[in-house]
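In what comes next, chain A is part of two complexes: it sits with chain B in the first one and with chain C in the second one.
Showing the complex of A and B:
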């Protein structure tokens, strides 16, 4: 393999997995945020001083990919809450651009699907650009020091949970528990683009 | 004339400074939340931690101690002019929660309620205050897995 083709293949790989050109990368420390949940409470990372880590899922009501993952996200929240990991789901979409993602309809959705996790609205769309999320769903795993350890997809099969072969998110958390770097640390988030007036 | 002017000035100063005192830390054993942007006094345990945040037009203050005091105070613009209606609005929100079980206690300005989440019984409350064009809501903190006793104690401390 020539040096040129080697560099090219590295560049292609990086481009393929790079989801967050302007947000957090692996190793960055996430800053705290305060967002309103569907239960009317304000949630911040600092509310959980004893958390072992955080699973931040940017998701929404309307996106078919996000809908396909709803039950899986709920199951992950149930599973990991008992292990000290806090799952917070954030709807990053502008409801003026996508009315199905309004706060009122988030409340309805949480009720219909019996969400056990805080479902938060990114009012003013200030949080998702800081993270660099581009899709729904788009996942960030933070360790207990809020250091970003994993970015990307939940698993490798949005359409069919029973056909998943790689549970990226669960694998990343297992790695954290063992004190090693997740492998992979970044995967490509598959889903709908975040809806904003700026695009 | 000069003497009476001096007395007046002293009196004014005393009044001004005693007025400022109410924006300090305590009044009648209650802690002032003025410095966090929330114009109320409440009773809280010693050694609590205050954590202020804001989200959109909502000002939030979470007050916790090392044991079981975990209170969140929210202040935001309101569309209500009557406390009764504001309380009913919050009651509707709560009773629409899929995990809602029942109202445990009902008061003029709030209520205590029970939820069943993942087979775990937790308690929460709302106490509402109208202050001009703002509403202030007291509730259990977002991370509180509150017991009934825990919530009763927090609610009572807000009435003292």
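Showing the complex of A and C:
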């Protein structure tokens, strides 16, 4: 690496950090985190050195939109774990504001719905602001270098899985597999605001 | 009409009262305008250009913080009744929850302007309401004469929304 490219990469990194007061954009490198799952274990991205990528889903118990996606999230986890993609679900809500999103009730929900993915709690609400998540559900796809490659919705029909016409998330992952940019890289959908005491 | 009245008066007071209320609510209070396509809502409501200041509140009956802030917005609409300001409540409830919305509105939002926007192809239109909207609700768009301001958050009190609205009207 030449001195110039070294300086350039440092500059780019610094700019990226400065440009992201509201969380990650496409191309940003995600910082690792350590969060507790419903099984009591601590999960980090670095637990999966061989992952082809990560599907980070901010979701929760109480939000009707998140509930509508529970089965689809579980199916995605089953499908992509065999392909080397790790799905981690994170509940970003403060249980003191929304008691239905307590750790105990997360454990219960995970058992009821037979979640096959780690369902993590963002204790102290330190991780969701770093990502810039604003709602549940809110999805981030990272590649194997933890570069953010897709942000947004799972698909284009929350109410009815059978009427989905665009599977944005799956499309984004196939693009990664083919080594091309997802199109679209960002999508928007209605969701529940993240519950916090920080107003 | 006279015949109908005679027929009705032969019924018990309670039944009569119920029928009267139902008829009244259907004729007077069914104030919900439904839009299946965002484009129609956009053309007919959202981009109207006149000298009125609009507050569009995006909400749903299933959204707890939305329901919590509604009374503050209702109070605001009463406060500004005579001015050139209008509050429009845009429900994002799904189509199948129309009945639930109707009874919610009759109970809590009588006399208000209610729109039921059922276009669930959100990715096609969220940006067109405001580029900064990520899609979480509650969210409110303040709009007047080419100026707009977006609030992707709930209002925590009447004073909270009043202060922000007054500030916007002054800009």
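Definition applied: the second predicted complex is superposed on the first by the 177 of 199 C-alpha atoms of A that agree within 3 Å, B and C clash if a C-alpha of one lies under 4 Å from a C-alpha of the other, contacts with A are read in each partner's own complex, and residues count from 1 in each chain.
FYI, a contact is a pair of C-beta atoms (placed from the backbone, for glycine too) under 8 Å apart; a residue touches a chain by one contact, two chains touch by 3 or more.
Just so it is clear, the model here is predicted, and its values are computed rather than measured.
Peer 1: Which partner does A:123 reach: the first (chain B), the second (chain C), both, or neither?
Peer 2: Once the two structures are laid over each other on A, A:123 reaches chain B alone.
Peer 1: If you stack the two complexes on chain A, which partner ends up touching A:42: first (chain B), second (chain C), both, or neither?
Peer 2: A:42 contacts chain B only, not chain C.
Peer 1: State the interface residues of chain A toward chain B in the complex, per the touch definition above.
Peer 2: Touching chain B: residues 32, 34-37, 39-44, 46-48, 78, 107, 110-111, 114, 116, 118, 123-124 of chain A.
Peer 1: Taking the complex as given, what residues does chain B use to touch chain A?
Peer 2: Those in contact with chain A are residues 51, 53-56, 58, 60, 62, 72, 74, 90, 93, 96-99, 117-118, 137, 139, 141-143.
Peer 1: Which residues of chain C touch chain A once you look at their complex with the stated criterion?
Peer 2: 60, 62-65, 92, 94, 96, 120-123, 126-127, 133-138, 152-154, 156
Peer 1: Sort out for me which residues of chain A touch chain C in the complex.
Peer 2: Per the touch definition, chain A meets chain C at residues 64, 98, 134-135, 138, 152-153, 156-159, 166, 168, 184, 187-195, 199.
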